[in-house]
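What follows is a set of structures for review.
Both complexes shown next keep chain A, but they swap its partner, so chain B is in the first and chain C is in the second.
Let's look at the complex of A and B:
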């Protein structure tokens, strides 16, 4: 199938997400809540573009928009720019401490909106990626609480959660660095809870929290590993070398 | 002679004590039962639509309606049967003349009952009552038709969805029928979340079988074998009635394993709503039925193709389904005789607010707002000037007085920035502040949106802040333009129709009442005398008769003055609630701008 994005002809499969097509063709569309490993959030709306089909133009959300028919896409039209600026300004007043949003605001020339009530000290844009990451591990320690303007992401009742294994996957996917992880040689603190770190027997670096390693072990049916990820790989390679004599 | 006493037992009348009235009537009739010439049965019915005047009792076949009946009225009513009616319980028309029949009551005469045809006439708990009025005849007929023939009838009828968006029902069914996937589902949307709306509740409570019949016909047409009725959390009675209707119909072999013995099966079940306005949105509703959080998803793939559990799913509103048996029985063409070119049939409205007669009304599409508000509603309470009517609830808008002659249909209302919505209609007089109306809906939605996508969640948060500022005298130059700018982005970039339509109340009030916004912002004045921070009330000593009504109504005791001497308001303790103005019969209480008085 053939479409054009900002005038550039692009080939794509029916049903492919517009964002993926654009990226393959090196056309930049800003995103916040999109993560290749956890697709389908579609909630920040900074990735909006305009799609023209049979003369009719519509604003769509490129990260979840499947291309089903030939169309002309505009990532830089007046309507897109105007609405994206307002969305970014709204997100900036929600999460004024998020560097990534401030950078995007600069890049897309978002003016000051002095009239907007700004939260203080906030970085979270409530995209829900962290919740999804945690759920996909089977832990489900954090969730979106409340609805509407009161929505927030936290552990139940903001209390340290028994389900949390301290793996930090949530923090790794967060687009705005909103989840605080404090780590020293022996422990890691996240979501109001402190975890002891297991030290790798081989290299002495942290291998992960006890809980995290136990969860991984339960899933694979093996003993919790005493090695960190890197050393585990090396150990496997060494064992193969010993067996096959290479 | 056989005589039936129908007691309205809709939610409104129950709240006013109609269960006690039913019992009292049964007892009273038993006591005088010695007179064997009259065989009476007391029946409980669904909502008659005139709840404000409930409990309503009707004597059939004489067709005499009594209003605001108390248990102590029962002996008089019982004694009157077959004789002279109880005069004091009758409805009075404009000239104060008593009206016997509902048919002669100006609230009912202009109405055309299609979706509401059985309500108030039958006991919703009695399948036999429904069948006696032709119930399940349409299903029988549909069983002898091909799916294509059923869908064609619905297409010819021109029926459009009554849940808000007005999507052509026939087209939706045809699309669903076209997919091969198995299984398919049919779902009834009974979430009815608009504040003040109760159309769907009345149908579910008062005529549950008609909804089931509509769903069964839909299932035949599209090839579904399972269905759900998603009913609002607060609607306990509706769920109870529907549940009972399902069991009764299954017991009689109408629903269940073999629809009326025809071999096709349909399993229906009731799902309790998730409790938020957004749960009425189609994709959120389906997520909720599947047991997930009631949040919408992007709708680029429609739910007729991939709905519940990713299978083809037809979702229709309660009232939409209630129209289906009529269309099949009488034919699509006959249904299409009512209404306008693009909006066929009737629509049920819940008319509330500053109108003399409030309640549920069913009218042909295309009648004017004026007819609805003045002829059926009897005009504005106290004959005050009409200011606006809000249609379509939180997704709708406000229509001003100079547009009262607009016809009520899907396209006209949308064209003027309002919406048909599900049929909520709030009449407002000159003492309604349009900024406050906009703020009210934005505040409602701020708590009822799912909060998933940023334009809706953050847009509502900022709009609420700005509107609150304007109302409290902190408005700034440029605020109106900013509200428009946020609104435009919400319409374009929100994920679901809640966010896309949430700005409507704000944008229509700006469009038609811009001067009111400006007065708040630039003149520090609320023209309607509603916003407390901008309003002060004063009593005109020349007009005050010293009747003391205002003094008694004031919640803070701010009013002083003796009987028959002019009263006075102490500005320091007045909270500007306006109670005094509401109760004064001599127009002596006036609203003024606060600042002027303060100096």
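Let's look at the complex of A and C:
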């Protein structure tokens, strides 16, 4: 199927998400709540674009918009820019400490709106990526608690969770760096809990928390790894090289 | 008030009617709320184990629904209506009267564990304004004078 994005002809399969098509064609659409590994959030609305089908123009959310017929897409039209500015202004009020949002605001020249009260010290936009990441790992240690203006992502009773393995996936997928992780050579603190780190036998770098390595081992049915990710790759490469006599 | 500890036997009784499936989480928690007047932490953990889902998910549900409480509620739950009709007919005075009589504010429970106070938006009985509901019993056109009598009778456990 052929579509055009900002005038550039692009080829795509029916049902493919517009954002993926655009990115494949090196067309930049800003996103916050999108993560390639956890698609389908569609809640930050930063990735909105305008789609024209048979002369009718609509604003759509590109990360969850499946391309079903031939269309012309505009990522930089006046309507898109205007609406994106409002979206960004609202997100900025929600999370004024989030650097990434502030950078986007600067980039898209978002004016100051006095009428939106800022939530001071906040970085989280409640997109739910962290919760999704934790769930998809099978741990499910965090979830959205309370509702309305009091909604927040946390562990049950705000206490250290037994389910948490300290893998830090939640912090890794967070678009605004809202989840605090403190790490030194031997330990990692996250969600009010401290984890001891296992040190890689080969290079001496931290390989992960004991709990996360055990979880991975349980899932794969192998022994907990004594090596870090890098050294594991090297070990596999060495084994292959030895096998094939390179 | 002695908070009843949730034993394995109690828990079995709570979950007997429900298969071990996530979609029954809310139903079990409603039963738990009815039985204990709140969702005890050990009940939440036991339920998570029974339904094979994370505690965080259940905790998230328990904090979302107003019908579920994570703090122990009193034996008698007083719902004071502050809908438009009741508001105009002086529900604020009624609320102040109750707060003075029991020494608690909305969403709080007396120290002896007898009463919990809730402020709700409309009980659908505007003709009875100002109205309050205690343990499912409606009290219409409540006056400040009638309050001590109602509370005393509830304390004594008499059927009203």
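The criterion applied here is as follows: the second predicted complex is superposed on the first by the 231 of 246 C-alpha atoms of A that agree within 3 Å, B and C clash if a C-alpha of one lies under 4 Å from a C-alpha of the other, contacts with A are read in each partner's own complex, and residues count from 1 in each chain.
Criterion: a residue touches a chain if its C-beta (ideal position, glycine included) is under 8 Å from a C-beta of that chain, and two chains touch if they have at least 3 such contacts.
A quick note: this is a predicted structure, and the numbers were derived from the prediction, not measured.
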**Asked** Which partner, chain B or chain C, touches the larger number of chain A residues?
**Response** B
**Prompt:** Given the touch rule stated above, what does A:44 touch, chain B (first), chain C (second), both, or neither?
**Reply:** first
**chain B versus chain C as contact partner of A:98, first or second or both or neither** = neither
**Item:** First (chain B), second (chain C), both or neither touched by A:165
**Value:** neither
**Request:** May I ask you to decide whether A:86 touches chain B, chain C, both, or neither, giving the answer as first, second, both or neither?
**Result:** first
**Request:** Tell me which partner A:64 touches in the superposition: chain B (first), chain C (second), both or neither.
**Result:** first
**Prompt:** What is the contact status of A:146 with respect to chain B (first) and chain C (second): first, second, both, or neither?
**Reply:** both
**Message:** Quick check for you: in the superposed arrangement, does A:178 touch first (chain B), second (chain C), both or neither?
**Reply:** neither
**Request:** Would you sort A:200 into first (chain B), second (chain C), both or neither based on which partner it touches?
**Result:** neither
**Request:** Name the residues of chain A shared by its contacts with chain B and its contacts with chain C.
**Result:** 144, 146-147
**Message:** Could you list, by residue number, the parts of chain A that touch chain B in their complex?
**Reply:** 40, 42-45, 48, 59-61, 64-66, 68, 79, 82-84, 86-87, 90-91, 93-94, 113, 115-117, 125-126, 128, 144, 146-151
**Asked** Of all residues in chain B, which touch chain A in the complex?
**Response** 276, 278, 293, 297-298, 300-301, 445-455, 457-462, 464-466, 476, 478-479, 482, 485-486, 488-489, 492-495
**Residues of chain C touching chain A in the complex** = 41, 44, 53-60, 63-64, 70
**Asked** What part of chain A is in contact with chain C in the complex they form?
**Response** 135, 139-147, 155-157, 161-163
